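Below, subunit A partners subunit B and then partners subunit C, in two separate complexes.
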Partner chain A sequence: MKIFDKLREVIEGLTVHGQSTAILRVKAQIDNLFMLITLGDMLGVPILPPYYSLRLMPYVFPNIQNWKRYMLRERDVTDLVS
Partner chain B sequence: MKGLKGLLEENPRLKVFIYAGKGGLGKTTLSAATSVKLSSLGKKTLVFSTDPQASLSDVFEQNVFGKGEVKIAENLYVMEIDADKRIHEYVSSIKKKIIDMYKLDRLPQDIEEYIDSAAAEPAMYESAVYDAMVDVVTEGKYDYYVFDMPPFGHGIRMIAIADVISKWVDKITELRRQAYEYGRVAASLKRSKLTYEDEILQELEYIRGRILKFRDIVMNTETTAFLMVMTPEKMTILDTEKALEMFQSLGLKLTGIVVNQVYPPELASRPDAPSYLKKKVEEQKKYIAEIADKFGKYVIAVTPMLNREPKGLDTLKIVAEELWSPKKRLEDYI
Partner chain C sequence: MLNTPAPYILLGLILYFLTYWFYARWVDKKIWESDPNRPTPAKLYFDGVEYFPVSKYVLFGYQFKSVAALGPIVGPLTAVLFFGWVPALIWVILGNMFIGWVQDYSSMMLSLRNEGRSMGPITYKLLGDRVRKILLIYLIFYLIIITAVFEWVIIDVLNRVPGTFTAVLFVFLGGITFGTLIFRMRMDALLATLVALAIVFVGYFTVALVPAVRVPGTNFLDSPDFFKAHNFNPALTWPGTLTVAFWLVVLSILYYIAAVTPMPKFLLPTVYVGYLPSIIALVLVLIAAIFTPLTGLTIQQTPVKALYVDPLQNPQGGPLWPILFVTIACGAISGWHSLVSSGLTPKQLEYETDALPVGGGSMMTEGAVALSSIAAIMVLSQPPAGAAAYVQGATLLTSKLLNVPDVYMNILYGIFVVVMGLITSMLFVRVFRLIMAELFEESPLGNKYISPLLILAIAGFLAFVGSWTNLWIFFGGTNQLLAGLALLLIAVYLASVKKPTAYVFVPGIFMAITTLAALAWETYVYGLYAYLGKPIGVQAAAAVLYGKGIVTISNLISAAFGALLLVLGAITTYYLITGWIKYKRGEAVKK
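Coming up: the complex of A and B.
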């Protein structure tokens, strides 16, 4: 099995890796937007009443750290270029 | 004045009676009296309060605070929710869910702090109260519901933004679907597994349902009588004017006004009436005239200032009868 897995990863890397990374990047952006709307409260952007948005917390929990880091990251002009 | 009886005759589909207004005017007394009367007609009635000072417990002379639905008399049930406890349980269940789902020993500190600070917000308290209202009405066990509303804070804006929130939920749902599609494609390429997309969509639907239902309970004039309580005093007249403006901006329709704590004017015309009382009644006439002028079309009943505290079923019945079908006209008080 192990060798097959390795082989699969190699073929994956050669073929669809770029594609799936691009797709995941779009998904990450959508996810960020979603987090902002539902838990924006955490960063001071209240949209949903917190009583209800807390219900979503368990499902988005794993993304929270990354999302906060992404949202609170310092940005500068060079970000606009990339 | 048509009284509650008139309201029900005009609109037999009424199910919910909401008493609003600032503190100390007798919302709790009138809610209790309304429920006493409605239950005496053989209809199963729930009177619901969220007052942390447990005033319904005082009025009915029985501790019902945080005890769920308590039967007080035939067809009469009281519920005084402990909102703090409700929030605490709700928040704990969410924390526990996260810990169980991800098999953690404890929550990360920032998440714990966020949840705790969200729980401490005043808007949270109001949301919890409104959510409890939605619970009991949705359950539909009663013929009539009487709500003793807490003085409004920011939470009531929820009804104004119900549409906005509903649209947001549509948008969020759409976003979730997109994220799901992208995630699915990526996952099939990567052969990894997607998690919790269905649960998130379900939760969003649930949230939308609750908010729309709450708005319906408060705003549907077919089934809800939205009543304000006032007293013959300058300050409440000014407050009521402001409140009416706010209701208008929220799109809330006032069904009626009850003028409470009114001294029976005939007391002052007795020869042995003390000048203290005469003066009070004179002043009261002036303000009732002002109320008639400004809010005349809304006034459905005038309830008397009693010579004792409005406690216990027998005393409440006096208030209830006046509230149900007033014996006098509003002009008789001027």
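Coming up: the complex of A and C.
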């Protein structure tokens, strides 16, 4: 990578990266709402899956494993620092 | 040549580079055995939200932004004023060479090898729930003290560098505009940045060129007669004055908004816009420090001052050991960094081998910032006490280098200190609110709107009535103790996986003993002055205005906090050392 690109990435990290991860977290919370309602049953949440969940499956299928891991991952207070 | 700061700064930078190239890379290869082919949590636990691989250059910038605050700026200058520039320089260089980068890098590797988990879960896994709970309680009180200290530093600069407030308002305006343009009007990011920067420049040049805009002035709410009557220097900031109360209220409102609004709306665009001029300021002062032989600035400060000061004669300072090591906090080593290094960054490292340049590299860069702060104070012959001294020193260095009138650099560095301070301190209040929400879920203490009020009230009181330098040493003590505990925790982990621990255990023991001693000393000084009913240093102003009682209460609270943190720190150190011994012996640790 050229020096200019490296410098650009460092400045991106200094200024924007924190913002983009915060926005991703907000987006994830909104997505979670949808996923919980349709596929919450997979995590043991007692929501009866509506018929439409089945029809949505092919679209959400690639993300199910990642989503489950994200929802069930251990979290603690020190995760909130950064 | 030798009477300018340049050779010493260059020596520091060269030693940092050599440490990185030989010592740090040896530790990376031989002890942690980092392997670029081993998958990191970013790849193993990819979720597209927090765990995803990011380029090491972006992470370097993000890590540096998360760790760099006012520590490397205010700490070194205070130490130079207490003990002379030689001890300060030696600690900033040697501390960073053997302890600073060790903590940042090792915390990052610790998290990396533990599925990207942060300090809390790792403590739980290695030593059980009790130690984790103690750590969390310690964190709550630590956040209160650090908020009080940062509030004081920002108030000091806002008061003593008139015009900074107006310029910072323009930065906020630029930030809010950027947020609105990006999110509401969906403008292109580059264009929105240029608009925001234009607003900041308008503010900057208006303040620099139009003296009438540089309001409010120093101590504007208090009459000059008050200062003359009691022999207080009207150019300094005094606790208890109406001006300090005014700024405290303004800051508290800002912190409250930042703590309860969603991050992307207010806090983050402001950070973005505020950081762009700050980067320029940082780079400029380092270059100016190195070019001092050309600009003709020489060292004006004493090389070595007294190695011990009797607290009854001068409560600020103390014995060289342990006070020097806690006065310079983030410049040499800082506990806050261990929390950040085990936070988001290890979840996003693409290769294990990236941890060293990101973690170790950003700490050494912060060491460079501390070196430039030492240079800034070295060239001042009669620096006033307090953070505004940095603004003065940096202005002198850079205005001579660039050959521009003082006022331009004065405003730039005023903005720099305030913005750097605000960015991290807004985060502290927010983190406090989130921790309280976790720990006190149902009760009002955990309420989203009540817990920020709690920290703002306590920290505000301590800042309003407190002696600033003692509060700074207090903050240094708690911060560095956290660092010592983190180092010992890393040693415990390495012992549990049968790796050599000396490189991190020895610094950990040193930091733990030094900081426990420093906390004990500060608790003693606060307790002594509370018992005697005397105000410490600048607290005299608050004592005059509100009576000795309020000063005594503030010192008692500080002493109580100190004693509590001392006890918690000592207990945690004990558990960490016994855990290390047990893991070394190969026994199971009872949790």
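To be clear about the criterion, the second predicted complex is superposed on the first by the 53 of 82 C-alpha atoms of A that agree within 3 Å, B and C clash if a C-alpha of one lies under 4 Å from a C-alpha of the other, contacts with A are read in each partner's own complex, and residues count from 1 in each chain.
One rule holds for everything that comes next: contacts are C-beta pairs under 8 Å (C-beta built on N, C-alpha and C of every residue); 3 or more make two chains touch, one makes a residue touch a chain.
These figures come from a predicted structure and were not determined experimentally.
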{"item": "Contacts of A:Leu24 with subunit B and subunit C, given as first, second, both or neither", "value": "both"}
{"item": "Which superposed partner A:Asn66 touches (first subunit B, second subunit C, both, neither)", "value": "second"}
{"item": "Which superposed partner A:Leu36 touches (first subunit B, second subunit C, both, neither)", "value": "neither"}
{"item": "Partner chain in contact with A:Ile47 - subunit B first, subunit C second, else both or neither", "value": "first"}
{"item": "First, second, both or neither for A:Glu12, with subunit B first and subunit C second", "value": "both"}
{"item": "Contact residues of subunit A, present in both the subunit B and the subunit C interface", "value": "12, 16, 19, 23-24, 26-27"}
{"item": "Residues of subunit C touching subunit A in the complex", "value": "45-50, 54-55, 57-66, 117-121, 124, 136, 139, 262-264, 268-269, 271-272, 275-276, 279, 339-340, 342-345, 431, 434-435, 438-439"}
{"item": "Touching residues on subunit A, where the partner in the complex is subunit C", "value": "1, 6, 9-19, 21-28, 63, 66-67, 69-70, 73-74, 76-82"}
{"item": "Complex contacts: residues of subunit A adjacent to subunit B", "value": "8, 12, 16, 19-20, 23-24, 26-27, 30-31, 33-34, 37-38, 41-42, 47-62, 64-65, 68"}
{"item": "Residues of subunit B that touch subunit A when the two form their complex", "value": "90-91, 94, 97-98, 101-102, 108, 110-111, 114-115, 118, 121, 123-124, 127-128, 131, 155, 158, 165, 168, 171-172, 175-176, 178-179, 182-183, 185-186, 189-191, 196, 199-200, 203-204, 206-207, 210-211"}
